[in-house]
Each structure stands twice: as structure tokens, then as C-alpha cells.
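Here subunit A shows up in two complexes: once beside subunit B, once beside subunit C.
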Partner chain A sequence: MFAYIVRRVLYAIPILIGVNLLTFTLFFVVNSPDDMARMHLGVKRVTPEAIEKWKAERGYDKPLLYNERAEGLQRFTATIFFEKSVSLFAFRFGRADDGRDIAWDIRQRMWPSLAIAIPTFLLGILVNITFAMLLAFFRATYIDVWGVVLCVILMSISTLFYIIGGQYMVGKLLHLVPISGYDSGTNAFKFLVLPIVIGIISGIGAGTRWYRTIFLEEINKDYVRTARAKGLSELRVLFRHVLKNAMIPILTGAVVIIPLLFMGSLLLESFFGIPGLGSYTIDAIQAQDFAIVRAMVFLGSVLYIVGLVLTDISYTLVDPRVRLE
Partner chain B sequence: MAKRSRPFWLWPAVTVLILALAWWQLPAQFGVRPVYLWTDRLIFLLLAGALFLGGWIRRREHLRQPWVEVFRQRRAMVALVVLLAFVITGLLDSVHYRKPLPMVDGQQGVQYSVEVVTLLDELLGTLREGTEKTYSAPFAMTQLARETVTLPDGTQSRIRPRLRHGGAHLTDPSQRGRDILASGLAGAAIGVGLTMLVWLLLGAILSRRWQTSWRAALTRIVHGRTEVPWRAILVTAGSLLVLMAMTALWSRHWHVFGTDKVGEDVLYLAIKSIRTGLVIGTLTTLVMLPFAILLGIMAGYFRGWVDDIIQYLYTTLSSIPGVLLIAAAVLSIQVYIANHPDLFETATDRADLRLLALCVILGITSWTNLCRLLRGETFKLREMDYIQAATAFGVGHFTILGRHVLPNVLHIVLIIVVLDFSGLVLAEAVLSYVGVGVDPSTISWGNMINGARLELAREPVVWWSLAAAFVFMFALVLSANLFADAVRDAFDPRLREQSP
Partner chain C sequence: MFRQTRKPNRPGQANRFWLLALLLPLLAACGPQPWNNPYPAAQRGQNILYSSFSERPKHLDPVRSYSSNEYVFLGQIYEPPLQYHFLKRPYDLEPLTAAAMPEVAYFDARGERLPDDAPADRIAWSEYTIRIRPGIRYQPHPAFARDGQGRYRYLNLTEADLARVRTLADFPETGTRELVAADYVYQIKRLAHPRTHSPIQSLMEDYLAHLGEYGRTLAAALNAQQTAGEGNWLDLRRFPLEDVSVVDRYTYRIRIKGKYPQLLYWLAMPFFAPMPWEADRFYAQPGMAERNLTLDWYPVGTGAYMLTENNPNRRMVLVRNPNFHGATYPTEGEPGDRAKGWLDDAGKPLPFIDKVIYSLEKESIPYWNKFLQGYYDVSGVSSDSFDQAIQFTQGGEAELTPMMKAKGIRLVTAVQASIYYMGFNMLDPVVGGDSERARLLRRAISIAVDYEEFISIFANGRGIPAQGPIPPGIFGYREGREGINPYVYDWVDGRARRKPIAEAKRLLAAAGYPDGRDAKTGKPLLIHLDVTGGGPEDKARFDWLRKQFRKIDLQLVIRNTDYNRFQEKMRKGNAQLFQWGWNADYPDPENFLFLLYGPNGKVRRGGENAANYANPEFDALFERMKNMDNGPERQALVDRMVEIARRDAPWIWGFHPRQFTLHHAWYFNAKPNLMAHNTLMYRRIDPQLREKLRAEWNRPVLWPLWVLLAVFVISLVPAVLAWRRRERASAREAD
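== the complex of A and B ==
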């Protein structure tokens, strides 16, 4: 088991290097730092001095890959590639365009993100499983058929409309909770309720349908027939046998997402003005702050790979038949 | 079967030929200057490909069977009718040209307007030109905001001025309700009439195929005793026709969905957005398909180091969260476009290339899923007896891939293509909101929502832009989802849907 995890972590390294090279190409080769400077300073009236100054302030004034003017090892380390891309491996994200420390910002903004993402995730799974069990219990009846149609209808509505509609109905018409904003500590609760509820509702359609197929797949297996033949009630069969075994695909499907919860929800956070990592990313994209986007891309890939490793481990935990070699 | 002698590609080829001729010849006939955008070319290429494939499948019983199953499902056919309406609108909107300007004295040659219009714009003439100054509500006669005007007696007053087009034909404002009702009823009558016509026509066609009398065919359709659910199709098409006719009559004098901030008709914007949505939903898949198919079956077939490299490629790409990869790529392209303004002739050109770039980027982020599925399926197929036999006979690797593996994984490709479509249409709206979607000058549902979402805070509330975008997007995505489900069930009931 331990050896397996070590091997998986080692396998992650080339992938991260690939991600790194890709972002480096996107941000520095496709567009030179000069292009970026021109973009930020306004394309038309820009002097070469202003470009040089902009680059020097942000450390983009070095060569891309190889520094001829430096000595020894510095030839490779005093370059944009080393300082901006390789240093990501040490989680040194550098500074944003406005001079703020990105790593510090990420640590600060992580908590509001988690405060929304974790309840949305857990309650969402609970709600989806409940509905899916209901549909599985009434399978092949009109309730099931129309339930699935309802799921498809819910899936066909853009998340944007869930958010806009929810904000409008609850916040503006009923005045139940504030429309947007955030507060520290327990005061945050009233700001979090609406985003969490909307986050859950927007996921019901796809989630319920997916879990329903898992349940139905399980229901047709032999051990379920045996359980019924023993004279167990349908409810008991569903909860004791089907649910337990269906938890294997459900759990392993959910584990991948857990680390990514840190990244927050782009849409929810930005609509509700919650200072989490999702809104941080959106703000950076809209301000074209490449340093932050680069950092978030790297962080996201790391978390995804962590999720993959966790998935493999969780397989062995919930299903003893699976052995990691 | 007497039709044996007719090759399967005859009708598709003729259709394509006519389309191509029309595209090259007709503009000159009408004195307009055609504009060939890149997305237009790809759309018509896709259309030609789909027609050819359709003709090819028709002649092969085993390939036709699943489609026959799809065509017998009521829900799928209702969805298909709605989808077809969207596709036809999108195709009409993909024929771009520039109109000639009126001749000035002493002018040499014809000058063309810089404005690029489409066939759809011609059809929506009154909608496109009937702009107002600013916001106005659906079916309103007056502007939403008050304005200070000087009355004839010299005093100033804050009133809601009458609109330039909305209800401008009425002198007496109290006639508004009657006028709306009258033109609505007239539209409904026209719609019902057209539906009857379609019904009679369908009866005539089907009576020949069934070799029954015309009356018998008509009754069979009405009673729903047909294999293909013609009654449901007819009801859907009829409802669409009635809706369209009513809207068409209304929009001669009214703004059915109101106007937006700069006074453009919201219904016009919503209809124009259809093309953007379809382009993103279809071209993205078209762009990614060659890579996904080639790499997927190569990884599964050759295994070893080929498999390792391809797996590494798609794991790396899929490990970057989708939105961020798209954002990074789109930002790079934005910088590139901003720094190379000389590459593009017109603003339409630039917006179009940006749309295509978005499709390519979305394709790069979304091919990994299909590639993984194809790899797994090829893995299984490789062990099949007929492929072992082909190997034993000394058939080359690429012949095996092309002749034995590819046809047997195509159902997966098809399922993924139709399943992905609705997700891509929804993604466009989100990406445009994030600021990495289509060009701000491109008309799209995402841009409509983006422009309108802050207006909910206004008093009185401006809800119509959102409502229009919602209705159109919902109709497209829902029908695409329903159709995709039927296709999936028919082609592979076991392929489990992807996790949300």
C-alpha cells in the first residue's frame, strides 16, 4: 500500500511538469512579456521605456530559458522559466500584478471557499442520494419516468439562471437574506445559506440521474434477488443491500472532487460577493492578472492529482476485493 | 429492392452540389458580395459530412436499426423537431454577405456596405431595424425611463416618450390590448392553417408509402397508429408554427421581448444567438474528434509506449481544471489579437476567429473523456477473434484500425457527441460570464445574460433579456438532452452516463 502511494506520487511529477510546461508555453511563448506589458499599459500609447519598467517591476525582464549574462548555475536560475514556473513546485507563487503576495491571499481566501463548498458538497450528495433512492424504489412507474424527465429539465437550466433566479426571489422579493457580501465568524451564516441552497439545487438534476443509474445497476444483481427471495422487504433490500454496495461507485466518484473543493465555486462566489478562491480566480481572469491564473492552474492540477490518488486509496478501503499492486 | 443501382451518396452529393452552387452563384445574381467566415465553411462542411453519413447509414441494415429505434420514440422525435427548427435558423444565419451601397454620381464600380448581414437578417428585417433609444418592456408603447421634454407651451415635463417602433401605428394608446389580441389571433389562425397544410401533405406522402388511400393515411396519423410517432411530430411542429406565426405578426409592430439598453430588440438578439450556441456545440466536437479517435484507438490497440505517451498526454490535460485551462488559453489569444489588429479585415472577421478559437480551446479540454473511453473499448476489441484473425492473416495495423476497430467504436463517438452538445451550449454562457467566452461583439446568450444580470437590481426590474435568453437556451438544451438520451439508449444502454 505504502509503496503504491509512493509510486503514484512519483507518477504525478511528470504530469505536473507537463502542466507547468503547458502553462509556461501559453503565458510566455505564445505571447512574449512585451505583449503582456503592452496589453496592460494600453496597446496604443506605450513607450519602450514604460514596457521595460513594467517588466522590471514584475521580474519579467529576464530571458526565457537561458541567461547568457549570468554566471554558473545562475545561467539557468536567473530566467523567467525558473523564477516563474519552476518555483511553483515549491508553492512559491510570487506576487500579483498589484504587488500582493499570492500565497498569502490564497491562504486567506481558502476558508470562505471551503465554508460554501463543503456543505454544498455533503448536503448535495445526501439530497441526490435521497431522490435517487426514491426513484429507484418507484422504478418503472410513472413516478420514476416523470422523475427522470424532471431531472432532465433541471439539468437543462443553466447554473446562471439558478443563481440569478434564487438571488432575485429570496434576496430581493422576500428579503430573507442579504443578496451578497460576507462576514467573519458565525455572522457569515446568513450570507452562506442562499449560495449553499442554490448550489445544491443546481446539482440535483444531474446528480440524481447519475445515482439512479448506479442504484438500478445494483438492483439487477443476483444478491439483490437472493435478498428478496429470503423474504426481506423492499425497503430493507434497498437500504441494507443496494445502498451499501452502490456506495462504492458513489464514494469513489466523490473522492476525486474533495481536494478540488479548495478551489471554490467560480460562479457562486462571484455572484454572491464571497471573498473565496473562486472569486479570486474570476477577478484575476477579468483583470488579466496572469500570475494569479498561473498559480491557480498549478494548484488546481496538484489538487486533482491528489484526488486521483485518494480515489485509488478509497477503493481499497470500501471494496476489499480491490488490491493495489 | 430496385433501388440497389442507386449509390448511397447520390442524394447527399446532389444536395451538397446544389448548396455549393447556390453559395457561389447566387450572391452575384442578387448583387451582394458574399463573406465566407471560417465558422460558416466548417458548418457547411459538417452539414455535408452529416448528409453523407446519413446516406451511408441508410443503406446498412445493422447501422440503421438503432436509428429506427430512435425514430420510433415519441419524446426523441418531439425533441428532434425542436432541434431542427434551431438548426435551420442557425444555417440561415450562417450565410453572410455585404449589401451594395446606393450608387453615387460619377462612381466607378459598386461599393459594398461594411455591415455584414445574413439571410436570417433579411427574414427578420423589421426586428433588426426597429431599434429604440433604450430599455422598453415587452409589448410596450412607451420607453421604460422617463425623459424631460419641452411641451409646445414651453413648460418642461418628465414623461415616458412613445417608442419609435413599438406600437407606433396606433394613435390611441387604449387600442393596445385589442391590437395585440387581434394580431395574436390572426397569427394563431395562420399557424393552424399551416399545420393543416403540413398534415395534408404528410398524409399524401405517407399514403403512397403505405399504399392506402389519402383519407386512411390521415386518420391513421390522427389516431396515432403509426410506427414513427407522426401525431406527436405534427403536434410539436404545429405548436412551433403557431408560435412563430404569432410572433411574426406581433413583431411587425411590437417588441415581443422588449428592447435592451441600447434599444435593440431582445427577440432579435435571442434568435441571432442560436447560431453562436450551435457553433460552439457542434464545431467544438468536430475539432476534437480526429485527435480523440486517432489517439484513443491507437493507445488501446498498440499499448506499450504508445499507450504510455497518450495516457500521459490526456492525464496532463485533464488534470488542469477545465475553466482555468480555457481561461489561460483565451487570455493568451486575447493578448495575441490585441497585439495583431492588422490580421483581421473587419470586426466580424475578428469576432468569428475568436469564436473558432474558443471552439478549438474547448475541444482541447474536452477530448480527453472520449479518448479514454475509446482506449478502453479498443482494449476489449483487440482480443476479439476477428481482429486476431486479421492479424494472423497479416493485415496491416492501420488497415485493422480503419476497417475493424473504428467501425466498432463509432457508436461511442456518436453517443459522446450528442451528449456533449448540451453541455457545451451551457458552457458558453458561463464562460462569457467569466469573461473568457465569445467576443463581446458576438451576439450570444452568454453575453445577453451578462449584460442583463445587473439590471435586476433596477426599479422597475428589467427582466425580459434574461427571460428571452432563458426560454431559447432552455428549449435548445432540453431538446438536445432528450434527443441525446434516446440516442444513448438505442446505441448502448449500458454505457453509464458520466458523473456530474
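== the complex of A and C ==
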């Protein structure tokens, strides 16, 4: 397994370079270094000299990808792309355009993101599996039919509607939790309840239908019939046998998400005023802060790759037939 | 010897636990703190104002900051020598840290003193002598901390000293010192510092004769210092700037080229606030910037408040400065202020509020709902909530809806010193230029675009149509009949009425475009409008604009683009018609008329004259007007300039926005002052009333939860029954 992991890590390097190049290209197709300088310096009384000075101080006065004026290897290394990319591979994210330390901001902001994402993820899986089991248990009955209808309805509603509706109902009309905000420690609880509940509810439709399909596929296999023939109760069949054997497709979807929980949820964080990493990235895009954008995209790519490796490893844990070689 | 043994669970124990869990919310409901209160219980009843910010301020260094969302903080912390009177209108400058208004002396080219009323063209130099009040002290700050021997405690820090430092609060000791004239001089020198990128550096180079050269000197010195490995801090005290000098401990002098009365307005802005050299040196130490400890994030001032927490990821906190020199609430204002209660606190010591907490709030809907619940003290009115908050009387006056009135919410409005306009690119061969044909075309379009309707539909009535470039409240603005733009409006029944479309069509035909077609070629005339923003809400606005042009048979082609490309088009002069706006830096007509001054053209000079308008007569008048003191002569020049601009119509004059602000019954002294930045110290709240109303408005409503629980339980019954039936059924039945 060790060799497999090493190989996957080595595969990750060209992928990360590619992602970095793509991000770089997309960003600079839309924004030029001059645009970035203007965005940072403001709209009033900005002189060309100030723009040039700003670019020079931050290394944006060089060519983007190829430096015709340089010699030898420097044609590639004395460029914005190279200088801004190399440090990323050492996880040195540098400073944002406003001078703040990006790594420090990420460390600050990942905790609020995790505070929402982990409970939403774990409780969401629990609720979705429970509902899916329930529907599988009552398959082909009116409970199953209406359950699926309910799932389709829940899937069809925009997350934004859940958020605004939830804030309106729970925060504004019932006065049960703050409408938005965040605090540290145990004080964070009252701010997290509603976004977590909304995060779970907005995922029930899709999640339940996905798991229901998996369970129904399993439920018709021979080993289930054997279990029933042994006289096991239906609940025992479902939770002891079907669930266990349905773990591989469940893990495929779930484990890959775990590392990405760090990246936060844009909508939930924005509307609930939670200072996580989701809103951090969007703010950076709006502010044309390339330093933050590339750092977050790079981090997201790394975490996604980690998620895929973890998924592979988890297969071996739930299915002894799988070996990583 | 006793051994503690664990008691076995009694049968009812688990049930009691669940009962307690269910009752806990009910018990909490009986407590004094509403459940939805976003603030800690410890803040209950405290004299704290709650506000928000939606995006992190980019700069809090007064030499760099040039944005209203940054001045919200800076204005309370830094104190320039002058300030705007809180209540008087028109806006009136008065001393802040200065002992009196600056003494101004004029000199000719030979250095001879000139009388105060000398004509501007004879004045080669002006000297502003400013004396500040003794005894003013800085806020507590580690930069001023000294040890037992009087040596600065934190000005020679090593990496090891900074190992455990993340915020300013990690420095255990603080100190202070008296504000001196040299601090103001130090800050003016910082305008030219190669690292600070002050946005007004180039502007000030026009008046401070040696500032440009000084900047080059500093750049060379910094370069040499860094090459020699002597660090990043340039001690500006070692580099004299000829244009500013310290006269004595409390007096300094600024010498500028020619006459520039607007300098007084700049002296009321944070650019000219004092900067202690200790702070500059403190933050320039190696390792500080890596910890986000910079002047751009942690201001050091003498104002009524100091920034004690700056976490742009969550919240920013201003706390009353214990070293504040003190001030009192004004005893006079404009007529009507007393009736509105804005003089009730006359003579009382300032500031009233102990602490202000600005929380990160990115969306307007949660902010608005929290305002209604009493968790924010003041709110603007967004389009989403406008109908809920405001209604118009039959006379067209805005007033609060009954729901707002029932909550005791109050509304204050003020016309902003701003203008939103549509500009013609005067370099464009069709709509631009000085030909009569183009002028008539611009005037026809100006009549057709009905800004009264625009304000009504898209600004919810929050604005007044502009008659020229100068907004109300600024010297030079004229009201009533003599203030209307006669090329677009008629004076009918005591009010301005937009000329009929027939008149616009007549002008269009006279311009050579009868029925919207070029009389020579017969081709329809297309006008291209460059805009930014392509959201769903913009579509209605664009449709409305097309409709305005269709009224005179013109076709409007809207070219939507992002702001970067839009700016590029403007710089290169590739736009034909565009939308833009301007907020006043200071209340002087020069700050608006310079937007039409030829040498400020955006394409040729990179200036703020986005229309690239150039009229020799206008330019000559501007040069005379800009240096004059307010008076009848200046008014006459402004009138003439406005008349020229109206005749040439380089802009469709657009509108001046009206600011609507709502505040709760516990918030006092809410008079808007759109020029002053240090208004926070005048505001007052009644925390007890706020607590009482918050508790009344936010009682938890629990019955829907019980209903929901009951529905859930009831819906489970058939499922349970079905399950039991299935479990009890035989194999054949189950199949």
C-alpha cells in the first residue's frame, strides 16, 4: 500500500502543475496585472506611476509565462507564473495583495468552515442513510412512493430558498436562533444550529435517493435472501448485511468529500456571516487577489487528491477483496 | 476506608434526562436573554453600538486610505488639524486638534508678503501656519512603551521577541506621548514615501513644490539602506522637506505653490492626520508584516476611539480612547436642529458611546432582519426592504410605514454630495465634439432620458434630478427657477418640468437626424452605451434605457462588460456613451467642476474628466474660479461655467442620490453629516431601552416546534404499524 500511496503522490505533481497553470491562465485572461493594481489602489486619482510601482513591488511587472528579454532558463523562471507558483509546492502561500499572511488567514478561517461542514456532513450521512433505509424497508408501499416524491421536491428547491426561508422562519419569526453571526468556543453553538440543519435538509433529497438506489440494488441479492431464510428480522438484514455491503459506493461518495470540508460552503457562510474559507475564496475573486485565488485553488486540488487516495484506502478497509498494489 | 461505588441507574433516570433536555429550552426562554441574541450575555445593557462591515477595509493607513468604508474607522481614530462642524450647514470647517483655524499668508514671486485679498494670479506662494493644542495624547500603544531607563521597550525587537506575538494585545506594555507638530510634518512627508502609494501624492505634487523630488530622494535612500542591509525603516525626520517645517513644538507650516484655498478641506481629511515616528518605526521592524502587524491594519491616533480588535475575518472593535483630550457636543446648529432633538446634548462631554462592534455581515437580508430585531442600531434601506420600510405620501414625501413607526424606528434623509451621470465621450465622431450638430444631438438625448422616472423606478424615489454638475449643499448650487437647466427643463407652476419629447425630436431633426435617421445616408442612428454589470436586476434598467432612446426613434445598443474592460475602454476613449459617478472629496464646486476641466481629460492626461470634455472658456474660468474664496464673484464664475456645461451637454446630468437612514428609538443625535468622518463620538444610545425592546421583540415562539414534533410522531404511526405487520407476517404473506 505504501508504494501505491507514493505513486499516487508522484502522480499528483503534474496534476497540480496543470491545475496551477489553468488557474493562472483563466485568472489572467480576465484580469491583467494593471487591473489588479487598479482594484487595489482604488478608483480615485490613480496614476500610471502608482500602478507601475504597485506591480513592481509585488512582482507583477514581469511577463506572464515567457520572458523574451531574459536568457536561458530565466526565460521561464523570470515570469509571474514561475515565481508565484514554485512556493505553492512548499505550501508557502505568501501574502495577499492587501499584505495579509494567507496561511494565517486560512488557519483562522478553516475552523468556522469545519464547524459547519463536519456536523453537516456526518449528521447528513446519518439522516440520509436512515431515510434511505426506511424507504428501502417500505419499498413499493405508499411510504416509499411519497418518500421519493418528497425527496424530489426537496431536491428541486434551491439552497438559497432553504437559507432565506430558514432564517425567516427560525430566526425572524420564531426567534429561536440568531439570524446570522459567529462566535468562538461554545458560544458558536447557537450560530451553527440553523446552518447545519439547513445544510442537512437541503441535502436530504439527493442523498436519500442515492442511498435508496444503492440499498435497493443490494436488497435483491442472494445473500439477503439467505439472511431472510435464516429467519433474521428485516431490520437486522438491512442494518447488519445490506448496509455493510453497500459501504463501497457510500464510501466512494463520502470519503472524497472529507478533505474538501476544509474549503467551506460559500452560500451558507455568506448568508450566515460565518467567516470561513468559502467566502474567503469568493471575496478574493471579487477583489482580483490572485495570491489568495491560486492558494485556495491549489489547496482545493491537493485536498481533492488526498480525498481520492483516502477513498482508495477505505476500500481496503471495508472490502477485504480489494488490494492496493 | 470508603470506596465510592457507582449507583445503578434507576428506571426513571433516563426518562428524567430526556425530560430535562426538552425543558431546557423552555427554562432558557424564561431567562432574560433572547435566544436569538447574537451577542454574548456579558454585553447585556452595556453602552455598545453594534454595526457591521461587508468587506474588509483595504487600508487603515491614513496616508493610503481613500474610501468611505475605511473612513468609518479612521475618522474615529486619527485627528487631522481641522474638522467639519457636526451640525452646521452648509458644511463649516472648524479646528479639531488645531488651536485655531490656520493663519494664511500670501507671497509674490519675490517673496514679498501680499494682502489677504490679493488676486490669485499675483500669489506665488501661500503659507499655512497651524498651531495645535498642547496636551493632546496618543492612545495607549506598544510603540510608545518605555522601560525603567526611558528607552523604548519595543522598537528594537528581534525575531525571538516576536515568537509569541500575533496581535498587538500580545505586547504586555503600552505607553503614550503628547501630540506635537512634528507628527503632522512626518505624515505629510509620508505622502511621498515610495512604499505608501498615497493616492493624493501626484495631486499634492502640484501644490507642494518639492514633494516630487522628495519622493525620489526617499526612494534612493531606501534603496541604499536596503542594499546596505540596514532595514526597511526610513526615518523621515532625517530628510527635510522644504514645503513643510516645524516652527515650534506645537506649530508647523505648510508652504504651497500659488493660492489653493481647498487645502483647508484636505486638512480635515486623514491624509493630513499626525503620525508618530515611533509607530512608523515599530511597524517597520522585521517580522511585523509577517504577523499582519502593520500601520495598514493597526492605526495609532489621538481620536475618541482606538481600534482594539482588527479581525477582518470576523469583527472589528473600537473602544473609547482613555487618553482622549475631550470634546463637547456643539451648542449651535442649523434651524430646526433643536426641534429634532439634535441639540439636546449641547455642551455634554464626548464621546457618549463606550464601544463599537462591527461584525462581518456580507448579505443585506440578514442585516436588515437583525436591525428589525434590535441587534443593529442603524440601517440603510436596501431595495429589497424598501417597501417594508418606506411609503410615500400623496405629496411625494417619504415616510415610514406603520410597522416601522410601531417599532419606534425613525427616518433621516440627506441629499448626498454625489452625482450619477451618463457621459458622452467628446472624442467620439458622432456624439462628441464642439459642432452644433453634436451639441443638439446630446441635448435631444438629455431631454429623452427621463431621470425623474429613473429615480422613481430604480432608486425608489431616493434622489433628485441633477440640473448640472454641482449637488445641493455645495457652494455654487442654485435652487428654484434660477437653478434649472433651461436646455432640458421648463419652469412651470413653480417647479421644473422636463421638456416634451416633441422638443427632443425637433432638436434631433435640427441635428440632422429626423426620425432618428441620418438625413444624408438614411441610416438609423445607433448609440452605443458602455455599462458594467449584467445581473438580472440590471436587465430591467437596460430595457428602460432602450425605451428612453426609442422615444426619439434612436436605437440604443448596450455593450455590457466587466469593470476592468470598461475602465480600459474609458482610458482609450473607445466608449461613446457611459455611466459614471462621483462622490465629493470636500464641499467645494471645484471638486465637481474639475470633472469637466479639459486638462483633466481621461484619454489625454489620465485624469478624472471621463467625458474628455474641453471648452477653452470653461477651462479659463475654472482656473480663475478654483483659487477664489467663496463669494459673489466666485458664484458668478460658477454660474457661467455651469451654463457653458449645460449648453454643451457633455453629460446627461443624471441625479444626486438621497441617503435614507433608519435608526431605532434608543439611538440619538442621528443628524447625517456626509462630509465629516469623526461623527461617531456625537452619537448616543440608551442601552436600557434597547434591552427592554429587544426582549419584547424577540420572545421565542415554541408552539410550531411542538406541532412539528406531533406531526412527525403521528406520521410515524402508520410506518410502525406497517413494520409490525410485516414482522409478524409469515414468509408467504410477506412476499
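The definition used in the following text is that the second predicted complex is superposed on the first by the 289 of 325 C-alpha atoms of A that agree within 3 Å, B and C clash if a C-alpha of one lies under 4 Å from a C-alpha of the other, contacts with A are read in each partner's own complex, and residues count from 1 in each chain.
Here is the rule we go by: a contact is a pair of C-beta atoms (placed from the backbone, for glycine too) under 8 Å apart; a residue touches a chain by one contact, two chains touch by 3 or more.
Computed from a prediction, not measured in an experiment: that's the story for all the values here.
Colleague: Would you sort A:230 into first (subunit B), second (subunit C), both or neither based on which partner it touches?
Modeller: Neither partner.
Colleague: Could you say whether A:321 touches subunit B, subunit C, both of them, or neither, answering first, second, both or neither?
Modeller: In the superposition, A:321 touches no partner, neither subunit B nor subunit C.
Colleague: In the overlaid three-chain picture, which partner chain does A:47 touch, first (subunit B) or second (subunit C), both, or neither?
Modeller: Touch partner of A:47: subunit C, not subunit B.
Colleague: Contacts for A:104 in the overlay, against subunit B (first) and subunit C (second): which applies, first, second, both or neither?
Modeller: second
Colleague: In the superposed arrangement, does A:30 touch subunit B (first), subunit C (second), both or neither?
Modeller: After superposition on chain A, A:30 lies in contact with both partners, subunit B and subunit C.
Colleague: Where does A:178 make contact in the superposed view: on subunit B (first), on subunit C (second), on both, or on neither?
Modeller: Second partner only.
Colleague: Is A:260 touching anything from subunit B or subunit C once the two structures are fitted on A? First, second, both or neither.
Modeller: first
Colleague: Return the residues of subunit A at which the contacts from subunit B and from subunit C coincide.
Modeller: In subunit A, positions 30-31, 35, 38-39, 164, 167-168, 172, 288 sit in both the subunit B and subunit C interfaces.
Colleague: Give every residue of subunit A touching subunit C within the complex, in rising order.
Modeller: 30-32, 35, 38-42, 44-50, 53-54, 57, 95, 98-101, 104-105, 108-109, 134, 137-138, 141, 143, 164, 167-168, 171-183, 187, 190-191, 228, 233-234, 270-273, 275, 279-280, 283, 287-288
Colleague: Considering only the defined contacts, which subunit C positions touch subunit A in the complex?
Modeller: By the definition above, subunit C touches subunit A via 34-38, 40, 55-56, 58-59, 66-67, 194-195, 197, 199-203, 289-292, 294, 296-297, 311-314, 359-363, 365-367, 369-370, 372-373, 375, 562, 564, 567, 585, 606, 608, 698-702, 704-705, 718-719, 722-723, 726-727, 731.
Colleague: Applying the document's contact rule, which stretches of subunit B touch subunit A when the two form their complex?
Modeller: 312, 315-321, 323-325, 327-329, 331-332, 334-336, 338-339, 341, 422, 426, 429-430, 433-436, 449, 453, 456-457, 466, 470, 473-474, 477-478, 481-482, 485, 496-500
Colleague: Would you tell me which residues of subunit A are touching subunit B in their complex?
Modeller: 14-15, 18-19, 22-23, 26-27, 30-31, 35-36, 38-39, 43, 152-153, 155-161, 164, 167-168, 172, 203, 206-207, 209-210, 213-214, 217, 253, 260, 263, 266-267, 281-282, 285-286, 288, 290, 293-294, 296-297, 300-301, 304-305, 308
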